[in-house]
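The following pair of complexes shares a single chain, chain A, combined with chain B in the former and chain C in the latter.
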Partner chain A sequence: MRPTWRQLAGHGVLFAAILLLPLVISDFRASQFAYVGVFAIALIGLSILTGYTGQISLGHGGFMAIGAYVTAILSVNYGVYDLLTVPLGGIAAGIVGFLFGFPALRLAGVYLALATFALAVIVPSLATALGDRTGGTAGILLELPTSPIGALSPDKWLYYVTWAIAIVLFAAATIFVRGRRGRALRAVRENEIAAVSAGVSLTRYKTLAFGVSAFYAGVAGSLYAILNFIVAPGTFPITLSILLLAGLVVGGAASFVGVLAGAAFVQFVPLYAGDVVGRLTGIGDRIGLPGGGFDPTTPGVPSVVYGVILLAVLWLAPRGAAGLAQRLGRILRIS
Partner chain B sequence: MSEFLQQLVFGLAIGGVYGSLALALVLIYRTTRVVNFAQGEMAMFTTFIAWSLIENHGFSFWPAFFVTLGIAFLLGVGVERLVIRNFEHSSHLTVILVTIALFVIFNGAAGWIWSPEQRAFLGPFSAAPFDVGGVAIARQDVGVIAVTLLTVALLWAFFRFTKLGLAMRAAAVGPEPSRLLGVRVGWMFAMGWGFAAVLGAVSGMMVAPIVFLSPTMMQAALIYAFAAAVLGGIESPLGAVLGGLLLGVGTTLLGAYVDVVTPELELPIAFVVLVLVLLFRPAGLLGRVVVRRV
Partner chain C sequence: MSRRVFVLVATLAAVCTFSVTAASAAPAGQTANPTGTPAPLRASAPGVTARNVIIGTTLPLSGPASLYARIGTGMRSYLSYINARRARDGSRGVYGRQIILNVYDDQYNEALTVQQTRRAVEADRVFAMLGGLGTENQQAVRGYMNQRKVPQLYVSTGLSEFGSLHRQYPWTIGWQPDYVQEGILLGRYVRQNLPNAKVAVLRQNDDYGREFLQGFLAGAGGGFVVATETYPRNGGAAVIPGPVSRLRASGADTFLVIATPTEAVTALVTAFRIGWRPNKLVNSVAATTTFMGLAQQSAGSPEAVNGVVTTTYLKDCNSPAYENDARVRMYKAIMARYAPGQPATDCLFFYGMAKADTFVQALYRAGRNPTRASMMNAVRNLQMPSPWLIPGARVITTPRSAFPIRHQKLARYNNGNFTEFGTLQRTR
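Moving on, here comes the complex of A and B:
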């Protein structure tokens, strides 16, 4: 499908907002939004695999870890300029993903979920075990990020770098899933037998989707390493892979708005789940509800809130934020 | 040799715990086609209830054990009725995420109610070992094996010999025809979740004396149980128990006798073996292969 003028205009507005946002926010916020960009890149990759070919991955945190370690080792041990290692991190993860696609060919459903889950478990453990290369449990400390442009703080510089890469990779993904190839990928998802009968090679498209998707996750991991300037096995816990999948479902269909919503969910909801309770109890205290003086920083409370928010989103917006946006659009007659 | 036997018995005990949690996963998968990621956290939560009954309400172990099983059953039924039911027609991916949300909620709630620190959980079995032909075998390990196997056997008998068990199996195999024959399919599903929660509670109360009680205590066990269920074939109850025992014994012996295998490598090695097994038997050891030619 060719994009309509209205869609192009919508994206133009979004990109302008991304470009102008750092002018009005603090460095701290800019760095938080840079992480949103990182997760957006990982989610674009995940949506190619899970959204288009229907293969579940619980292991994208593992691919991100591969990219991050490539960046950390090359920039610290070999003195390569950190941003130059980003494509290499992507390629390394992409190769692993492509190769992983072959055994994955034989597995479907729960079995594939387990195999990818294994990846999320194995990569951090391997990083711990290969201590002399990867720094073991302590990990690798990267140099603090610097900005080559005097007028930009390092945080804002990385914000622009991350988002520029995210937008380029989003455009690349749109081209990748357009036309014959996109139809083939979707055919694999809908009905493998029909796809093969129509001449679509399962091996080719499934491994390709795995490779491309892992490349995106690897790029995201490399950028994560630079932003976080420390890479350790604990940086990429199993929960990260699960959060990414949650972000994908929350975001919904493979649109840029969906990806943005999903990435914001991955970054902000765990961070601010505790605050939500704080605000609510604040209001409750003011109007004199019982249970006053409740401490929202009690351990466990943010998790409960996070879980409830996730359930509520799944319940209220079964097709994700993108579906919700479409529905709103239909109501307001703008899309 | 005697050390080998001790390790073997310990492996079987741990394997029994993995196996009963794996069986819980299989039970839910067979009834509602859901992989319940929250199974381990529900088990942990009910184990905390048992702990609270013992510490705060003056119960001794066995009464607390059976009261907890009852509570676990209600919890499982409640989760299915109140949450899972609402997502009956949602996509696979959505349902997986729903169980992940439940995972996060139960984990957080346990930390909230009982605080996240580690606690000692005294089991019913004394530390004094048995003497079997000159080999000292831990009473605790034998007790865990006995309890888990007994639970599995009881559950099997329930499904095999009772009318309710038959109705539950019928509801899982053919919901529509069962409904026509007067089986209340929705409630059968809910009871499947209830029994799974009971199995989880057994595994939690058996493993807590070994690993200490804390909100994270079942997370590794869940990964192993998931692996055990898939290894055995996700639809095979016998396969799940066998898979659990194999994994328990395998990782224990690897850790004890192969020097390169440090504790952090046990899980990855278990997974590599597992993925290799799946490559040759994509439906698990005892799974039914769905014939599909492409």
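Moving on, here comes the complex of A and C:
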């Protein structure tokens, strides 16, 4: 399917917005949107695996961790320029992902989810155990980011680097899922037996999808390490993998808009969930609602907010942000 | 030199000399003013306006470590009290400024600590960060805070490098006695009271466990430890029984537990269940009446925890010995007023309040119109008694030594309470 001029124009506008955004925001906001780019890369990869091929993964935080550790070890212990390590982080994670595709052949549904979940558990534990190389629980501290271009602050430099990689990888993913290969991947998702009888090799396509998807996660992990300037087992908790899957659900089908929405969800909800209740209790106290004086810093409050937001999204937009955008588009066209 | 230039230079010199003498003559915390009235409050630093001082802290409000959020509640409650009460100069807050503490949830995840700290500093423009939790978390932002020259005050961890690396990181400082000091005190106890002890050590497999044991060996003078076992950080209860049975098999008669609460409680319970009855030494982070009660309940016998020896530096908010202590009563009153419904028996709140008080005292000494540099200067030159600490203990920092609390005592647990014993000891 060739993209319509309308789709091209839409993407052109989006890319222009991404290009111009740093001109109007602070360094801090630029760094936050750089993280959105990182999660966008991870979600593009996850959508190839889960969205197109139907293989659920609760282990993408583990693949990100692999990329991050490759970057941290190469740049800190071996003095390699950090951005040069990004493709290597992707390749390392991609190889692990490709190999992981083989056991995944025998597993489906919940069982596959559990197996990938194990990966999310194992990688941080392994990093703890290999203390000499990985810094153990303390992890590895990277240099604070710098910018090679005088006119750009380090944050804005990393913003552009991240988004340039994200856009290239998005284009690559679009090509990857097109044509014969895309049809084969979707056939695996819809019905494995039918796919095999139509001559699709499950081994080939599942391992391929796992490998490519993990490569994306590894690249995201490498960039995440550079932005955070720390890599430690604690920076890749199990919840990160779940959050990524939630981001995919929130974003919806594999469109760039959906990926952006999902990535924004992954980036901003954990950071700001705690504030929502603070704002609400503030308003409640002002207009005299009962339950006044509730301490918004009570433990557990952010998790509840996160759950409520997730439920609200699923209720209001069951096909994710992309589905919502399509629906809005249709409504606008009719009127 | 023309006459005009000469006059200009002379005037400048005179002004400089005057302001230097005036500044040095001013009493601590006061800005000189010829008329004798205090200088007007102004926006003297990021996060400091004429009305407010905004500070931040990062703590886990979600996830497994979220019990530590109580430190933040303690700090907030105390600052609410400071903001409402009238100080000796007649103003509320500090010099009439309200102290606002923003609490940021970092889920105990270093990546989020970095982002939330950046948010506090760059978006919310806090004056300083206070009491951020976690060794690794605070190490992660230390370089950033020092590059930006933002005070990273009284981090909530006992790793000694937050005090010892003050030349490299002049904007960073810890608060409580570090793990080395704690270890030294327990080591001295063994040397003096259990000269024939055979000590088995269970420790966490990281810097915390490592340097605590170093301190212990230094205090004991070497030669006591017969066996050491480690467990991984955040290992939980499951990773403890194996090492404990191996330690018992070593034939040791004294058990040193260097572990976070869940693991330490499990270690005590396991030792009891397998019939091991050693002398028990437990690090202070796990030795609270709450956790001892849990261990007793789980083991089904007070014998599992009675006799536990630990170190202490704060007044025990539960101890009958301090029931009538003015500061502990004040603590309970503040909890009742500003954190109703929270269990004031958990001394983590007390810890938070004590820490917030050290901050308030330092802020007073940073001057009527504080800057980040004057704040750091005050923090690094603070010598004062503190009614939150055990009697006789003082907060002491000097330009050459950045360990605010360095007085400790031993305490022994028996039937629901810790009782202090021995003399007040200075460990740095």
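Simple rule for what comes next: the second predicted complex is superposed on the first by the 333 of 335 C-alpha atoms of A that agree within 3 Å, B and C clash if a C-alpha of one lies under 4 Å from a C-alpha of the other, contacts with A are read in each partner's own complex, and residues count from 1 in each chain.
Convention: a contact is a pair of C-beta atoms (placed from the backbone, for glycine too) under 8 Å apart; a residue touches a chain by one contact, two chains touch by 3 or more.
Source: prediction; values computed, not measured.
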Touched partner set for A:Leu271, first chain B, second chain C, both or neither: second
Which of chain B and chain C A:Pro299 touches, first, second, both or neither: both
Touched partner set for A:Phe33, first chain B, second chain C, both or neither: neither
Contacts of A:Thr128 with chain B and chain C, given as first, second, both or neither: both
First, second, both or neither for A:Ala115, with chain B first and chain C second: first
Chain B versus chain C as contact partner of A:Leu314, first or second or both or neither: first
Contacts of A:Tyr52 with chain B and chain C, given as first, second, both or neither: neither
Residues on chain A lying within both footprints (that of chain B and that of chain C): 125, 128-129, 298-303
In the complex, chain B residues that touch chain A: 29, 35, 83, 86-87, 90, 92-94, 96-98, 100-105, 107-113, 115-116, 215, 223, 226-227, 230, 234, 262, 264-265, 267-268, 271-272, 274-275, 278-279, 282-284, 292-294
Residues of chain A touching chain C in the complex: 26-29, 31-32, 35, 125, 128-129, 131, 136-139, 141, 144, 224, 228-230, 232, 234-235, 237, 239, 270-271, 273-274, 295, 297-303
Interface residues, chain C side, partner chain A - complex: 59-63, 66-67, 69, 72-73, 76, 103-105, 107-112, 114-116, 118-119, 122-123, 135-137, 139-140, 143-144, 147, 205-207, 232-234, 339
Interface residues, chain A side, partner chain B - complex: 50, 56, 103, 106-107, 109-111, 113-115, 117-118, 121-122, 125-126, 128-129, 192-193, 196, 202, 242, 245-246, 249, 298-308, 310-311, 314-315, 318
